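Paired with subunit B in one complex and with subunit C in the other, subunit A is shared by the two complexes that follow.
Coming up: the complex of A and B.
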């Protein structure tokens, strides 16, 4: 089951730390991280790729964007 | 001069702090941060005990960084900087709390992670593994490159921002990097 991490309203490094923590938990092979600024988006994508995950989708929404990452 | 050096000891390069640690210091103000970086490099190379800090609230001149130095060495430091064609805008003795330079470091402990912010750059490390997990802040063109080069690597393996950075953000990141190293080795 996919996990959703809501990091909207938070500035880096918190969205990244939440992402890394979710990856480490091993609870799912698919995680969607909600962020609301460009820096968080870039940093979350970089962290996910650095952990061996792929960025499967980036979906822009009215109140931010959802980054879906998947385990390789 | 030799006698003066002898009286001061250690070739006049290291002044011991006064009893309160404040009245013996001064700050050098420069026009821009590029000059601060150059002056820091020169003064450290010459062996002076100095620190890059934020300007005190009372000082409304110069850039967002100042150099704190031992006031007793003012003449020699001025000679050094003038010889390098890098005279400061102004020298301010730290004579009151409102003239205290501000620490440019902000440290936040996230439990498993430690973040050090130096000026406009934030560097976060996994305390257990020593791996850099995030670099953010700045806005300079080399920040993505710095992040790509350092994130995911350990403090022992990652390149130093000084070696690969080319901007003020790289300089600030170097300060954060040195502070992280200091804290992780303590």
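Coming up: the complex of A and C.
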């Protein structure tokens, strides 16, 4: 089951910390992280790739964007 | 435009920004800025505080155009790349307090992380203790982050709210242009200008402003942050921001060496003292405060330029801290710490620990 993490409105490094925590929890092979700024988007993608995951999709929405990452 | 945007977010982007700052900062020193102070965000915000008379230390009063450029340059980049996002409301008063104590700590050491790097690159051995203190303070901050420390979410706000600090800086630039320094006078109708000391040493307005704008622009694109550099390495073993910070130090070192600005030693370094414990402790306080606030002083200026009202509050906190430091003897001088510098560091650490321990919530 896919996990969704809402990191909107939070400043760095919290979006990355939440992403890493979700990855470590091992609960899912697919996680969607909601962020609302470019810096968090870049940092979350960089952290996911660093952990050996792939960025499967980045979906722009009115109040931010959803980054879907998948376990490789 | 997209390729340009992606370039600065990448590894070589951040390294090239570090190299560019590593050239420009010592160049500003060559062109008139104080020793090992080509760029110092804390010192320069303090100088601005003095220029508008909020403190009366007559050796550190000058409306530094670099700082104005940092904010406006970031604003320009944010508008160009559609990243201007007015936001506010993540514990602003706590950010104000953190800004004040970050400044107080920096003025005990005599420099922010930017200047700690430039002091190292100029051969100032006393900066080693400051740099170690910075790393230790940031490490302390990461312990809080790991345990759920959070200042909470920011909200989207009015366009105008995001413009407050850029407007303040534009106003300061206007005053500087309308009320330029009168030779030999410490004050014109509006602004204070140091006649001696570090505040009297500066590159020309146009050069300082131009360099500030360029650095502001590049730093907004690359998210350059000296605190984040160390924090991300400690937290995630991530080298991204750190590679930019190291590039800055190495480039500045080489540049200083080539132009004869490298003077290795511990004694008699420009605008520095040799009370090593307090060099360490001052920067430890700063590092902790920056970490709890999510960015080094430069990054706070760049964030304020892209509409982050909480970062703007942090900057105003730094102004408050600078005024306090110089009005009440907290700031160090080349002779050593000020009469109340040690007490201020202890109080600052207690306040930061209180904030760190109490502002927690489950983030997972």
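The working rule: the second predicted complex is superposed on the first by the 72 of 72 C-alpha atoms of A that agree within 3 Å, B and C clash if a C-alpha of one lies under 4 Å from a C-alpha of the other, contacts with A are read in each partner's own complex, and residues count from 1 in each chain.
In the analysis below, contacts are C-beta pairs under 8 Å (C-beta built on N, C-alpha and C of every residue); 3 or more make two chains touch, one makes a residue touch a chain.
The structure displayed is predicted, hence computed values, not measured ones.
*Asks:* Based on the superposition on subunit A, does the combination of subunit B and subunit C result in a clash or a fit?
*Replies:* On the superposed model, which is not a single observed complex, subunit B and subunit C clash.
*Asks:* With both structures fitted on chain A, tell me whether subunit B or subunit C touches more of subunit A's residues.
*Replies:* Higher number of touched subunit A residues: C.
*Asks:* Would you check which partner chain A:18 touches, where first means subunit B only, second means subunit C only, and both and neither mean what they say?
*Replies:* second
*Asks:* Looking at A:47, would you say it contacts subunit B, subunit C, both, or neither? Reply first, second, both or neither.
*Replies:* In the superposed model, A:47 contacts both subunit B and subunit C.
*Asks:* Run through 77-85, 131-139, 185-193 or 347-355 for subunit C and report the one that clashes with subunit B in the overlay.
*Replies:* Comparing the options 77-85, 131-139, 185-193 or 347-355, the clashing one for subunit C against subunit B is 131-139.
*Asks:* Do subunit B and subunit C land on any of the same subunit A residues, and which?
*Replies:* 11-14, 16-17, 20-21, 39, 42-43, 46-47, 50
*Asks:* Across the complex, what residues on subunit B touch subunit A?
*Replies:* Within the complex, subunit B contacts subunit A at residues 110, 112-113, 115, 122, 124, 126, 133-137, 144, 147-148, 151-152.
*Asks:* Quick check: in the complex, which residue numbers of subunit A touch subunit B?
*Replies:* 11-14, 16-17, 20-21, 39, 42-43, 46-47, 50-51
*Asks:* Going by the contact rule set out above, which residues of subunit A touch subunit C in the complex?
*Replies:* Listed in rising order, the residues are 8-14, 16-18, 20-22, 25, 36-39, 42-43, 46-47, 50, 63.
*Asks:* Which subunit C residues qualify as touching subunit A in the complex?
*Replies:* Within the complex, subunit C contacts subunit A at residues 9, 83, 85, 87, 90, 145-146, 150-156, 223, 228, 231-232, 235-236, 238, 240, 294-295, 308, 310, 363-364.
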